[in-house]
Every structure is written in C-alpha cells, then in structure tokens.
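This structure is in structure tokens; I'll ask about it shortly.
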C-alpha cells in the first residue's frame, strides 16, 4: 500500500476538511445567487454574473492577492471579522477554505443555475395555485427537481477546492498542518531534492480521491434523477 | 517518477517558453535569478541593453524553483542562485557550465517588522526570544526546506538556540519577496529576509541583524548553464564589471570579486 | 360567484372582459387564441391585468386602482391545467395532498375518501405521475385541485390532450364534480359538446372581448373554432 508519512497524511486530511467546508459554506450563497440569476431580472444582473465568474477568469494568484488585501488581518473585511466575530483567516485553514470556496464558487453557481433554469416554471405556477408561497415553491418543487444539478455543482466545487493551489498559497501560504493541502505538499516535495517519489504518492492519492468523488456524485445524481421520473 | 518529470518538464518548458518573447529575440539572453536579485538585476539588464543592444529576459523566483525548472529543460542561459547548495545541485546534474562559475555577491540576514510595529531593536544573540517577540502573530520566511533564505534562517536560529520555541509560529512562503510583502502588509509580525530586500521596501524596518557567524556565509554564485548560447558569456562578464559593482553596492549587496572591467 | 372586469395588453392582442357569474359551472367558450387561458390565468393570479377588478365570493382579489393584487398562493382558487402539471418527483398521494399541506389545513379523511371515490383514484395512489396515462393524470390533477378546498375551481381545457375514449371516460367525473362537491367551477373550452353537458352559464369570448353571456343555448355550434 501507499506508505505515507505523517506529514502527507496530515496534508490529505487537511485537504479533505478544507474542501468539504469550502463546498458546504459556498452552498447557501451559491444557491441563492443561482436562483436570482435563473429566475429574476434586475438592474445589475449582468454585473453580478460577471462578479461571480471572476475567480474563473482571473489568475488564481490575483484572486489570492485580492483575498489577502480584503480578508487579511489588515484588510477591510478581515479586520472587521477578527475584531467583532473572532474569525481569523490569515495563515489558518479557514483562510484556505475561503480561498477554495471562492475559486469553486463560479462552478457551483453555474451548475445550479442551469438546473434551476431547466425546471419547468409551469410546475412552479401550479404549486403557487395550490397555496405554496415562493419559499415553499423553491423548497418543495424547484430544489428537488434541480437536485442533480446541485449535486453536480457541489462535486465540481469540491474537486476544484481539492486541487486549488495558487490562490491558497498566496493568501495563507504553506504551513504544514494548517494550510498545506495536498497540492501545496506536492509542490513542496517537488522543490526539495529527492522529493519526487513522495510527490508521486500524493499525486496518486489526489487522483484516487477525485475519482471517488466523481463516482459518488454520479451515483447520487442518478438516484436523484430516478426519483424524479421513475414510478 | 519519469511521468511526473516529463509532465513538469513540459509545464516548465511551456512556462519558460511563454516567458521568452517569440521569434526575433534570438540574441536575447535568458537569466534565471533568485528573487532577492530582482531590483538590482532589472537595473543591470537595462544598462546591459543600453551598452550592447542585447535584450535580457529575466525570470525571478526562489533559487530552488528556478533550478528545478532548469532541470526540466527550461532554456536559461545564466543562473544566479542565492545559495551554494542549489548551484552545487545543478553542477552535479551537469546542468551548469562549471568553468564559468563565479561567487559574485554576499548579503546579510536580517529580522524585519512592519514600519509601525511596536518592536524597536532586537539584540540577536544566543537564545534570544524570537517566539515571544512574535506574540500571537506569525514569522514569515522562505520555506526552510528548500528556499535559500529559509535555510539560512533556520541554520542561524538553530545555532542561536531560538529555533525550537519559535518553529510553530513560522509561515513558510515560496520566496523571500513573498515574505517581504507579507510583513509590509502587516499580515505577519516578523520576517527573516536579506538586508537588500529590507532596504528595497519602505514599509518595513530592520529590527535586528544576524551575526555573520550564525549561519553559512550568504553567497550568490552565478554561472552559465550547460546549454547557454555563446553570446551569454558577454552578460556574465558584464556582471563582473565596475558598472555592475556600483549598482550592486547601491542596493546593499557585497561584491565578492574584483571587477574585471 | 365571480366578478371579473379587466383589461390587459398582451403584445398586439388586447383583452377587455367584463362579466359576473353565479352558476355552478361557468363556461368560457371561445376559439383557440381568443384569450380564454390568459383570462383564467388572471383570475388565478398568475398574471396581473393592466386595469380593473376581480372579486371572488365577495373577496377582492385584484384592484388596479387600489393597488390590490393578492398573490396566487393566497387566492384559494384551484386550477386544473390543460397539461395536468403533476409534480413528477412526488407520488400521486403526495401530489393530491400538496394543497392541504401548503394551506396548513386539517386532515379531513372523509373528504379525502370522497374525492378518491369520486375520481376512482384508489389504485393510482402509490404510482408516480410518470407511470400514469393521460386520463389518469387529469383525474389526479382534478383531485389535487379539489383537495386544497378551493373557493373556486378553474379548469382550462382539461380534456384537450385526451382522445375521445378518455374524454368520454372523464366527463362523468366532471358532472359529478358539478353535482356533488358544491365548488363553483369556471370551465374553459372550445368544444361545445363538452360544455353542453356541464355548463350552467356560458360566457362567449371572441377576440379578447365578451361576445355574449347566457345559458347553454349559446352553444350553437359543435366547435368554437368553426365560428
């Protein structure tokens, strides 16, 4: 079996924790924004859409730098959060989760938006006539029918979070046990003379995790799909 | 391992290739230099271009990252490292033109803090309390496992007996300039960088200097790579000129050789 | 008892309709494209008229001047759509129970049994909409709308997507609805034949305007599309 050192195990556990937290934290705002973009028209909609997609097109290091200046200890938002809520992102795994969540956010929103748009609005109308207000329509009709897309979005976000490197390392650097994810660990190992073997082991682990995530998501999505159309 | 090497080689080649302007720059010289050399080499490259009409394309990063890229086939003509280890590594792998090696520059290791930090002067002596100074903030420097400045820092602190208590407070970054930025921004309480870096950044102040005996001498060797183009020797010669010496000293480097022109 | 007095511009087509109906089944009879469905959508609250008033059983649902526009989920108006619109992710039972749950109404087992009987839904209860025939779907759609205990039931061409056999199958259920449930209905169709069996009042709609109001004697042709 793979003979992984404690540092490598730490990197794997940290990566998984960060990716899960990033995806779960991104889900509520992701769903809200996806719904807004799918169902509502308002002034500034194109701007919002553009902002959401920014992490997808900016170089990751730039995104990391922007996070640093806004969420770092001296950043406008970072200082406020640290002082009032005691939430610190600098050099902490929470910062890594924030970076990964931000990078995965556009993928999450896109997938959910597409699946909400695919839900027949006439069904939503029918639900309204049956007494469901907008919130209930969303929870009982739109969301269940959009579920395969939501799952797909979450998996994409998770995978992106798992593989994230540039923004994370720029924002919270590379601290073993705190912010050194699998990607950062692989990077470090490739810089150290003789670290290639260990790097390759971690690469194999990263691939395995991604494959498992993909297979699981396929299974969930398929199940959700049959629930919708099956009998 | 071969697969990983070839993938990284391809990536490095693409990256290096993208760094070099296309086609017509056949007589442009590609220089891979340690991050701490950025400001001074930029000036030297401009002077060189003015003097000889030849363009210099430079890539700055941690010496480790650069040597790894050269190992994967990146088309550098000259390598300027921040420590001897990485130049040795390159020589052993037959990537360096050993005959062209020159130990060109020296530097000092310093402890820095943000401009408006409460920390004033620190006496860097045996068992000085680095951990205490940092409080609940972080100390940044290059990764101690492979970035030269990080290696010097760890060596110095270990010799002074201050490494173990402070180890957990360290945040390692990819190169010395990244560390500099973090201290300048106030993200990190303290940083260990070169004296030349501290000099270049107005938002930090030097609060302590490491005694030269606490770490291996900081030496910047430069050399032509094994695959350097013939004209690159002209650049190497320029680095050893009086004009270059003046520039190096303005930035705070010590020049270890006698100028040849 | 429904009073409608509205105007709406829909692109190049305009609707201006005014009528009051008290009968058990008010038929809206007109050719395809005459504006019947838009009118019914306005009664349900899915579209808002440009001008006018809608009152149902004494309750003001819409008044442009007074800026009143009760949202569809509060109008207590059941709607049987032409395309059924059963929720594909829910079983027939959950579809039927949807309106009661959304309205937070008490369970009424008697009413449940009565309507299941009325529409012969027993053997369909555990199926999913995907496994129902067209006729079965429409019956479930009718049951779903009834089980929300509406003040008014709208039916928009409920038999349009069914073949002759299915239509013949369902007509008796609609007559039973009219006779046994006591819920007033507004029934939209372009088929005089259907309406003759079921309507008590007839409102003829033509080109977005009310052409005539009366009883079943207005249903002079077999099909309004022939008008």
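The first chain written gets the first letter, and so on, giving A, B and C; residue counts start at 1 in each chain.
Methods note: contacts are C-beta pairs under 8 Å (C-beta built on N, C-alpha and C of every residue); 3 or more make two chains touch, one makes a residue touch a chain.
Quantities reported herein were computed from a predicted structural model and do not represent experimental measurements.
Asker: State the smallest step count from chain B to chain C, taking one step as a move to a touching chain.
Answerer: 2
Asker: Of the chains present, which has its C-alpha mean closest to the combined C-alpha mean?
Answerer: A
Asker: Report the inter-centroid distance (CA atoms only) between chain B and chain C in whole Å.
Answerer: Each chain's C-alpha centroid was found; their separation is 79 Å.
Asker: Could you state the distance in Å from the CA-based centre of chain A to that of chain C?
Answerer: 45
Asker: Distance from the CA centroid of chain A to that of chain B, rounded to the nearest Å?
Answerer: Inter-chain centre distance comes to 35 Å.
Asker: How about chain C: which of its residues touch chain A in the complex?
Answerer: Touching chain A: residues 44-46, 71-79, 81, 83, 85, 87-89, 98-99, 102-103, 127-128, 130-131, 144-145, 148 of chain C.
Asker: Once bound in the complex, which stretches of chain A touch chain C?
Answerer: Against chain C, chain A makes touches at 122-123, 125-133, 136, 140-141, 144-145, 227-231.
Asker: In the complex of these two chains, what residues of chain A are touching chain B?
Answerer: 68-69, 72-74, 90-91, 169-170, 173-175, 188, 190-193, 196-197, 199-200, 203
Asker: So in the complex, the part of chain B that touches chain A is made up of which residues?
Answerer: So the residues of chain B in touch with chain A come to 1, 4-5, 8, 62, 64-65, 68, 89, 138, 140, 143, 145-147, 170-174, 178, 182, 185-188.
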